[in-house]
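What follows is a single structure, written as structure tokens, with notes after it.
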Amino acid sequence: MSAKSIAVLTSGGDAPGMNAAVRAVVRAGISKGFGVLGVRRGYNGLLSGDVEEMNLRSVSDIIGRGGTVLYTARSPEFNTPAGVQKAAEACKKLNVVGIVVIGGDGSFRGARDLTGAGVPCIGLPGTIDNDIASSEYTIGFDTAMNTAVEMIDRIRDTAESHDRCSVVEVMGRRCGDLALQVGVAVGATSILVPEVEWDFQKDIIDRMRFAQKSGKQHFIIMVAEGVGGTTELAKKIQETTGIETRATILGHVQRGGSPTLRDRVVASEMGYRAVELLEAGSSNRVVIMRGGKIVDLDITEALSMQRVFDKKLYDIALQISI
Amino acid sequence: MSAKSIAVLTSGGDAPGMNAAVRAVVRAGISKGFGVLGVRRGYNGLLSGDVEEMNLRSVSDIIGRGGTVLYTARSPEFNTPAGVQKAAEACKKLNVVGIVVIGGDGSFRGARDLTGAGVPCIGLPGTIDNDIASSEYTIGFDTAMNTAVEMIDRIRDTAESHDRCSVVEVMGRRCGDLALQVGVAVGATSILVPEVEWDFQKDIIDRMRFAQKSGKQHFIIMVAEGVGGTTELAKKIQETTGIETRATILGHVQRGGSPTLRDRVVASEMGYRAVELLEAGSSNRVVIMRGGKIVDLDITEALSMQRVFDKKLYDIALQISI
Amino acid sequence: MSAKSIAVLTSGGDAPGMNAAVRAVVRAGISKGFGVLGVRRGYNGLLSGDVEEMNLRSVSDIIGRGGTVLYTARSPEFNTPAGVQKAAEACKKLNVVGIVVIGGDGSFRGARDLTGAGVPCIGLPGTIDNDIASSEYTIGFDTAMNTAVEMIDRIRDTAESHDRCSVVEVMGRRCGDLALQVGVAVGATSILVPEVEWDFQKDIIDRMRFAQKSGKQHFIIMVAEGVGGTTELAKKIQETTGIETRATILGHVQRGGSPTLRDRVVASEMGYRAVELLEAGSSNRVVIMRGGKIVDLDITEALSMQRVFDKKLYDIALQISI
Amino acid sequence: MSAKSIAVLTSGGDAPGMNAAVRAVVRAGISKGFGVLGVRRGYNGLLSGDVEEMNLRSVSDIIGRGGTVLYTARSPEFNTPAGVQKAAEACKKLNVVGIVVIGGDGSFRGARDLTGAGVPCIGLPGTIDNDIASSEYTIGFDTAMNTAVEMIDRIRDTAESHDRCSVVEVMGRRCGDLALQVGVAVGATSILVPEVEWDFQKDIIDRMRFAQKSGKQHFIIMVAEGVGGTTELAKKIQETTGIETRATILGHVQRGGSPTLRDRVVASEMGYRAVELLEAGSSNRVVIMRGGKIVDLDITEALSMQRVFDKKLYDIALQISI
């Protein structure tokens, strides 16, 4: 192994584009003179020694593949002070001078702790849920949104042929971004997100009735995971309107697939930036998108931020999806 | 309206490729000197007079669109002798000398009854479930299978990244064809269909264990709609193996989408054939695929046939998906 | 027709997402109390009276469709002072108090002239080439990039199977953005754009040789339309390296297809913003993206701006695509 | 290496589904007690000793990938009696009792020669061109057709927006099947194939004029590779009709991509069948599709057959694509 190495791992839920980020870290690291170690199954790999020296060809032809070639997993052992200490010692034995951690807020807390134990860490936002307050954009979000749109475009075909209403639940955990963006893109009559209070009669039924008067006969109602209750909602809509209504929960399909251009490019830029930061001696930073640009921020500060919901886009949807 | 018209309608569940069939009927009908009427919402349109004279441009740019531009619906009224009689009279008033009915076995029973009431009918097999005994292939089957494969390829990405097992349920009603074909195409470790008895330990767990020994760490278990119990099965697999297991029911996404080439071409050939039959004075026929060729058969005979399951392909899957 | 109407037209080359913008203008216009007129085939429709009153349902189910339902065309007659005058008079007869023009810089010059003749115009950037200096992003760019990526991922399969080099030319006119982004996303060994000087030996052959030493045996060379010479370049690479090399010019496929989520959402936001501007009495503005946000700018100022090429991303590509 | 091994190689142009066939051969071979050797870059690998022992996991997760993991290449050395002899001797040293050759007619001639030299060979039809006379279907054909359809659907969007004519050339070498099927699926106004004589005025211009009278304003003209002259044809159509006309040659994009369900399943069945034949002691056979079923045939007989063009489908297209 090299005298000075950096390591890279993926942690938490997988997201399309993670491979593009791993590839950028490996190639940029080698280009800047580091050895690069791939750590498998998140922080677990540090504890169990499941690491591998990477070379330029280790990351060939992965930019277009979904999932993560480094695998990912939760690590209960790492989530203890003893675990963090053990991981830090493993890093020292491997001459690891910095780690790039690709994941969500939970993974960043681990990165902060590991930095505290003497191993400089840089976080990259990788999650399909876009639920990281500090960054406008997370790796995987664009692919997940486009997958959801493709699937709902298909559901629309059958809803239209049968004059039906479709209630569709998309992922996003506590964050309504995915439901909002996808709802705008598929022209959903109503969009239910955790960030905005809604009323069954006013925000669903009245809007359906209004659209029906202008001739509309099929409807899509978009529900964020953080709202839930999709099956019951479909039943209630059918009982109230008499329109045949079906519930669909899109599920894990949204997590996979070849990443879109945006996820590949943003992940490449962020991965490169992470190595630049390690090269410059920075630590405890998270690479984020702000104002459409790739910048970085202290992890601790990032973790304390509050998400801002795009209420303007929500209000636009109310006017143009009718 | 023309002196001699034929009519076309879509009935039962919608399927990709129905529009290609409608287009072929309209264009072939006009080319052979008929007027062509589009009937909306299945047999309902005959009863309510929801019909429209079609011209060459009525079916422009629909060959690539999912769903059915003629809409589809169940018709309880038509399913009575009085309803059939009323529909037959409506046809006579419209100078309809023949009807092309695109749908499944239920729709064919209606076509047989309407033929009996004096309106020559020709059936085209249109259903994503491939559950029509008389035909090797039904319009929409290829698109639905490919949609399922695309989605499961995505699910596999995340299953692989997390070393998980995914239990995926696809459509098909009582027919296991869709599950079998898709299961082969995605390399499912086990395929559960209504046509073949299965044992939890031998057909699922033992196969997973065997594959695990050779190094496999993620698994797809394919379940046909006609087997069901997907959520419970996932739980049982997780409890038995300790491998994290997730259930996904693909749902209505499988019904929509732009039809594949095969569905477009077969639907075009079948639609054309239906008009040839009406032109030749045939009635009570269903157009089917047999031995890879488009042929036709008496509807009553077709309805009495028994489906044959492709046990050979099932046995191949057992050997190569391991 | 309404007492106060706004009009919307698409001009120049078509781009995916134009329909989403048209839909947003129509729905937002109606929601804000305007009549809305759809003008066909760009400025020609104003001159020939090819306009249609739009209602909420005129734009149903178009958000997911490529091309433009309003059609588009060049208009030599409009490009004269007399033509502009004639168009302005037509607008007055139709009670048009504002026009939303979706297109590129050429279309914006028309919008500026028409504003000068007394008809307030708002421009929306719609072109797959991203070649509008004032805006970070143009409607259609994301779809075109993703289409190119999908196609090149396919080309890569065959290049890899045969140990070949593929030289691929993408669109973009004089702008290298599309080639740069797509080149990063497909991991092209070299990216040739009009904005950066390049040397055959150093920027192509030496990079191929270096990658070959690490084990790479297939290569993609990305060429922007503004660089051209793709077929000759392929020949020269083959002669120099002995590696079998094929040229592909992706062509018009890049212009079509169902828009991605990003194009649908950005087009919706921009279309809405255009109507807000007309409602507020603004004119001669172009709606743009800056710092990731939708803002607006004087058209004349916008037309005088110089494009900035993302040299940082270009340099990153040099390090990570090797 | 095992006492008794079979080998598998891919030869000639690559085709989607070749990996599914390789996987089926490997898994079926192991399941039936053979060792299985993967031979790289076609017959070259036999001559150069570029072979690898395969196990169950060697072919994991390749069923959905385009190209061929065994690579492919032409082999001038093998195409000599001395080359065949050398290959046969290499096989004997490796204890190879049979070889599965996936490719086209050229590859089958090699298989026949190698059988003659004492190494039993079985051919599988793998080519996107469907130009193997003995088989109704070749592995890769379905994927290539669907890729072409997706691309032409995109071209249609822009042709429609601009009221243009698009002349599109698809692959197929001397065989018009791909052009015919794709032409039907995209509703091409004219389809030019090598198997049918055509007249510029009658088969293109007159058909465009007829369709124009009914209101059609955009056109797709499909040209088979075996007809060619696409760019000149586009010019001539524009000069004759005054309609703006663009030529597109789809190129190598058609060769790649994740295989469709049909290619995955047919390839799996054919691969399995090949191993069954070797197990039964057969040699010099090619596995083909006939009457929709997988059967086998003597290679020498297969090579002497003449292709039959589907003139019936061609005539249907003339009537319904107008």
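Order of writing sets the chain letters: A, B, C and D. Residues in each chain are counted from 1.
The definition used in the following text is that a contact is a pair of C-beta atoms (placed from the backbone, for glycine too) under 8 Å apart; a residue touches a chain by one contact, two chains touch by 3 or more.
The structure displayed is predicted, hence computed values, not measured ones.
K.L.:
Please report the smallest number of touch steps linking subunit B to subunit C.
P.N.:
Steps on the shortest route: 2.
K.L.:
Work out the mean Cα position per chain and let me know which chain is farthest from subunit B.
P.N.:
So the chain farthest away from subunit B turns out to be C.
K.L.:
When the centre of a chain is set as the mean of its C-alpha atoms, what distance in Å lies between subunit A and subunit B?
P.N.:
It comes to 36 Å between the two C-alpha centres.
K.L.:
Can you work out the whole-Å distance between the CA centroids of subunit B and subunit D?
P.N.:
Inter-chain centre distance comes to 27 Å.
K.L.:
Which whole number of Å gives the spacing of the CA centres of subunit A and subunit D?
P.N.:
Between these chains, centre-to-centre, one finds 39 Å.
K.L.:
Counting only residues that touch at least two other chains, what does the list for subunit D look like?
P.N.:
153, 156, 160 - these are the residues of subunit D that touch more than one other chain.
K.L.:
Please classify the inter-chain touch graph. Allowed labels: line, ring, star, complete, other.
P.N.:
Drawn as a graph, the chains make one closed cycle, so a ring.
K.L.:
Among all the chains shown, which pairs meet the touch rule set out at the top?
P.N.:
All chain pairs meeting the touch criterion are A-B, A-C, B-D, C-D.
K.L.:
Per the contact definition, I'd like the list of subunit C residues that touch subunit A in the complex.
P.N.:
Checking each residue of subunit C against subunit A gives 23-24, 27-28, 31, 55-57, 60-61, 63-64, 136, 142, 145-146, 149, 153, 156, 160, 181-182, 184-187, 211, 214-216, 258, 260-262, 264-265, 268-269, 271-272, 289, 291-293, 313, 316-317, 319-322.
K.L.:
List the residues on subunit C that touch subunit D in their complex, please.
P.N.:
Touching subunit D from subunit C are residues 10, 13-14, 16, 41, 65-68, 71-73, 147, 151, 153-163, 166, 246, 248-257.
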